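Next up, some structures in structure tokens.
Same chain, two partners: chain A is paired with chain B first, then with chain C.
Let's look at the complex of A and B:
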């Protein structure tokens, strides 16, 4: 099977490392980034099927990543994770067509299910 | 007595004095007019008497018998005119003297009559002369006396008016001075209380005189002070709750990331366990250990904040503390190209402080100032005696961007920061705790675009047991 390409952006290194290990277990191809600038550059080079991004980051934040991804690849799914779980942020993300929204601590099983859902729809 | 009543009484007293003096002046004036009226009449009478004596002389010199008729005629006319104005005369010189005058005139008239009937005899002539002389002398004596009396009345009136002028002036000045002194004394008391209330010291004043308006005013201000103190407690309480809310939110956020990391490590560990080598598994556990260290660090900071270390208070010269602090931050000031100026007062009393903690506060304030200024800004640090002699004041003033008024009330709140990512929001909060713990005070003044001034007041060192503990 052709492996789906997944990008994980979070300034906490452990989040990317663990997500990569767990998701590769499922047969996905995963690339991780600690901040948004290099991640967006990489996205311009190549399309990813799913982008998992932290909401609050130094420099370019998760909302900006979401909008840029939707502009570049309207069918790429974006999943938002955040330590600041609040309704306003969730609604704003929803309006920008976020696929899913996870408050930290993240349940990896749920994240996997969400990604599977995103890919089956695509 | 109420102040209004006092003022009314003193004015009433002055008015009564003026009325009394006016009454006295009118009395004197009336008396004087009576006397003057008599002097006028007396002048007429004297003229008549002079004419009689002239006729008398004619009679003696030229043996002119008809002169006696002239005299008699004049006597009768004079008698008539005396009778016509007798009330005026008696008022002026008294009934007694009027009778005497009339008697002298009657005797003179008799002498003339006797001479006319009996013809010239030496004895009769002498009687005429004597009576005429007596009449004239009596009349002149009374006239002179009355003139003198008029003069006396004028002199005494002048004196009375002169002295009463000074009496009224004196009473007005002394009484109004006395009342205004008491008013000013009360006002000064109230002013000093208002001053201390405005400084946040809700004391009460002793109500000295409860009867007057100032007594009620002092009571009202005391009530206000009490109410303000009560309100401040409430505000403090709600502020504490708000701070607790901010604190909790801040802590929750700080803890979420390491907790998420531990959770994800554990989930992944279980997920990929079979594929992990022994080293990988140890690596996973080390990562968890690292994240728990991170949580421990957060909790340690939090405890440091919520329970500041016991201050180790010692006698110290605040200027030396400031100078030593400057050496700590000199490098930062140089790099940011800050023009730093010290203005330290000489011979300040020593303070009772934990030098290390005060340095921490000053470093916080200076760091904030530097961050608020662009390169080339000006930093003024000064020390001088406090408002009351029991404290020393230190100010840190910058020429930075200032703090907008809506943020000012919150800048000492924990986790409140205007620096965005750069600040923890704990620096000023910790500084506030340290200064309060020293029994001191820290205030801020700021104008956006002009700069910010922090003022610290620290209690001075006292020989017996040192400063107060907050």
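Let's look at the complex of A and C:
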């Protein structure tokens, strides 16, 4: 069984809870955070293979999470999800080397596939 | 004027609205606006059903957006409906506002607090907090699954707060130290036992009791039980608090019982339990349920799964009298072990000694007595009752998606009641990786059916091929329904059908929404499923994301478990369950049959109901508006239809109904471009169905017709001049009058299945009532065979069918055309009752000789 580590950051509990449940079924080890500060401190302690983060959050937002992750661990993949999808945000994220970008609601199956792709490239 | 003529006039007289003079074009345009808005709303509902199904990550932003889109769509729909009916249903505004408020409250999580007493039927998600987990679960069973639960109400946690405040106990609680010795607890119990009931609680309680007494009689008794506030239902609190049985339904007695139950919160045992599970006594609140006692002949407990971890058997414990003897393990109860399946089977049963039983005392309270000798050796439950209970338990387990510990009772009239249901703690065992299409199963693949997957998942059971809607009455619980068309009638079996497959159908139908709500694996638009699958065969089906349904031979248990694990787990996410709850106010359909009396605006409880109501009443509006051919003819240029048969139909084309060059005042069959008109006239012209020879009348018919002063065999002008068809390319409203026979057909036959309908009304005849009745029976039998919903009253038939694909509507119209032509004079020759069956058979076989 794979023990890839996945971090999910979203300021709504339902997103983290549902993602955790679905991804654990795939055999991943999942940690969830409701905001970015504690998530980033956790990242400084330990590396995660994939970080799934909401774009728009109070305090540190998803773009900053993306940049920090890339600085800390260039090979960690970041998947961005957002309820307010727009092209500018997507382009900015792409420039910062986002692995994937999903508008919410996100089909869980597609998220899983995206994570699998991220990990097979790693 | 004779009674009959008066009746006819009232049915066919011009409506008030016609006199107001709205052109039919405008009316029809408005009708189409209603349909468009209706469809928009249904699309949003479909999307919500899908996104809330557990396959998507969504957040509150989506929920709010979806809600506001739906809200706008519903408002638009109502507005266009108002225009169409000229404000004919003002009460619908209030109904929609109420539903909208409920949805909004759930979306924005604003709770209605402060109610002291809530009857079960009024418990909704926003009140779960205040009624406690036990009551919340039971009210779910009653309100959502339609399971029989005794009359009950809850004294809420707000009442609890109020009582503590009113008597100063809240302050005592807050100053408690860490050490809660028996002395401190005893004082608290004492304060509660002596507490005064604050007037708001007393008043609300009095009112609730009065209602209970009015429904169940002055001498009914109550069971008064605790229901602790436990948002997640994580802790069972089973047996921790006091329960008062057989409490007289009068204020003083219930208040005393209420105080005793509350006081039990401060017993050493409960405080220790709360300490163990980390619940803070100072913050603990208790709601108390008051439920009418069932005069139980027998009662007991069902475990919907084996607590040892086996999920495919359930056990029932049963004993005579009240259930406490079983719950408390006071007697050696009867035991049934039942194999869970589409049709559950009793695997094992054992008669317990049942030496004692709990009986109710006439003046209140209960007593443990010796079981009368002849009873103790007898099973306290019949096999049939055991199977029935098993099915209910499976239904409840499926609803809560967790094995359940269920208390039940059967009263002296053999009515089965559920008294309690809570999660059963079972041994955890590693579940297979879920959510993937189950690849490894030993069962043989019978076939793979393509179509549109409405709800993915697995189901198993016996194939039930539905030939006629009436057969639904004999649908076995747990079977797989295979039908030609989808239908909202299936709501009746929704809680216990294992899967649904229909040859036609769309993912946005009423039925599809229900399948998602009940998570019934469903495939629609499946082509020839009714021919591919065999009635009575045991199969397991798996509907996958890729739009196919795989059919396995036999019951594939591991496959079911794998597929079930996924959704069961998502239900464990509290936030998910809570968000999903708004669907309660959106998807369920309470208005099923438009021909029933309860099809009213007031009966609408969900957005779906409102949309359904609006659609049906819009059709009715068209039917009514078009029925006075004469009045319409005066306002519109009419084209005479030239057909080989003398129908005398005048056509009013409101758009694309005829293909004519300007200035023409008549049209041949070939010039009809209205799909429904072409289909029905085509049917009427079918060789052999239009009998033009005079039918010989018998003496009493002759007399009847004399009294009615008309020539019934005549096709003469005076009786056909009002035959009017208002048509567009996809719409037709046709009024046909042949002698004393009246036919009215209203039909929309478009590329959008959801919009389509046929409304057919037939009445009259000049022969005596027994012959006319026979003809009605004949028409009814034929229409039933075609799948129409039918209502008859004397010699009036109203039949309707809806949401069928265009081609199918056309085929039905062709058949209707033949039927109308064929029955023109049929009553005159239907001399005996046997002729009904003979003519039905002949007609359906395509034999039109008399």
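By our rule, the second predicted complex is superposed on the first by the 120 of 122 C-alpha atoms of A that agree within 3 Å, B and C clash if a C-alpha of one lies under 4 Å from a C-alpha of the other, contacts with A are read in each partner's own complex, and residues count from 1 in each chain.
Just so we're on the same page, a residue touches a chain if its C-beta (ideal position, glycine included) is under 8 Å from a C-beta of that chain, and two chains touch if they have at least 3 such contacts.
Only a predicted model underlies this, so the values are computations on that prediction, with no experimental measurement involved.
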Exercise. Fit or clash for chain B plus chain C once both are placed on chain A?
Worked result: clash
For this session: With the two complexes superposed on chain A, say which partner A:97 touches: chain B (first), chain C (second), both, or neither.
Result: neither
Exercise. Any idea whether chain B or chain C touches more of chain A?
Worked result: C
Exercise. Thinking of the overlay built on chain A, is A:58 touched by chain B (first), by chain C (second), by both, or by neither?
Worked result: first
For this session: Using the touch definition from the top, say if A:113 reaches chain B (first), chain C (second), both or neither.
Result: neither
Problem set entry | Which of chain B and chain C A:46 touches, first, second, both or neither | neither
For this session: Please indicate which partner A:25 is in contact with in the superposed arrangement: first for chain B, second for chain C, both, or neither.
Result: both
Exercise. Which partner does A:37 reach: the first (chain B), the second (chain C), both, or neither?
Worked result: neither
For this session: Give the one stretch of chain C, out of 20-28, 56-64, 290-298 or 794-802, that collides with chain B after superposing.
Result: 56-64
Problem set entry | Intersection of the chain A residues that touch chain B with those that touch chain C | 12, 14-15, 18-19, 21-22, 25, 83-84, 104-109
Exercise. Hey, which residues of chain A end up touching chain B in the complex?
Worked result: 12, 14-15, 18-19, 21-22, 25, 58, 83-84, 104-109
For this session: Could you please specify the touching residues of chain A with respect to chain C in the complex?
Result: 10, 12-15, 17-19, 21-22, 25-27, 81, 83-84, 104-109, 111
Exercise. Chain A touches which residues of chain C in the complex?
Worked result: 51, 54-62, 433-435, 545, 566, 569-570, 572-576, 579
Seminar exercise, completed: Contacts from chain B onto chain A in the complex sit at residues 253, 256-257, 259-265, 267-268, 271-272, 275, 287, 291, 421
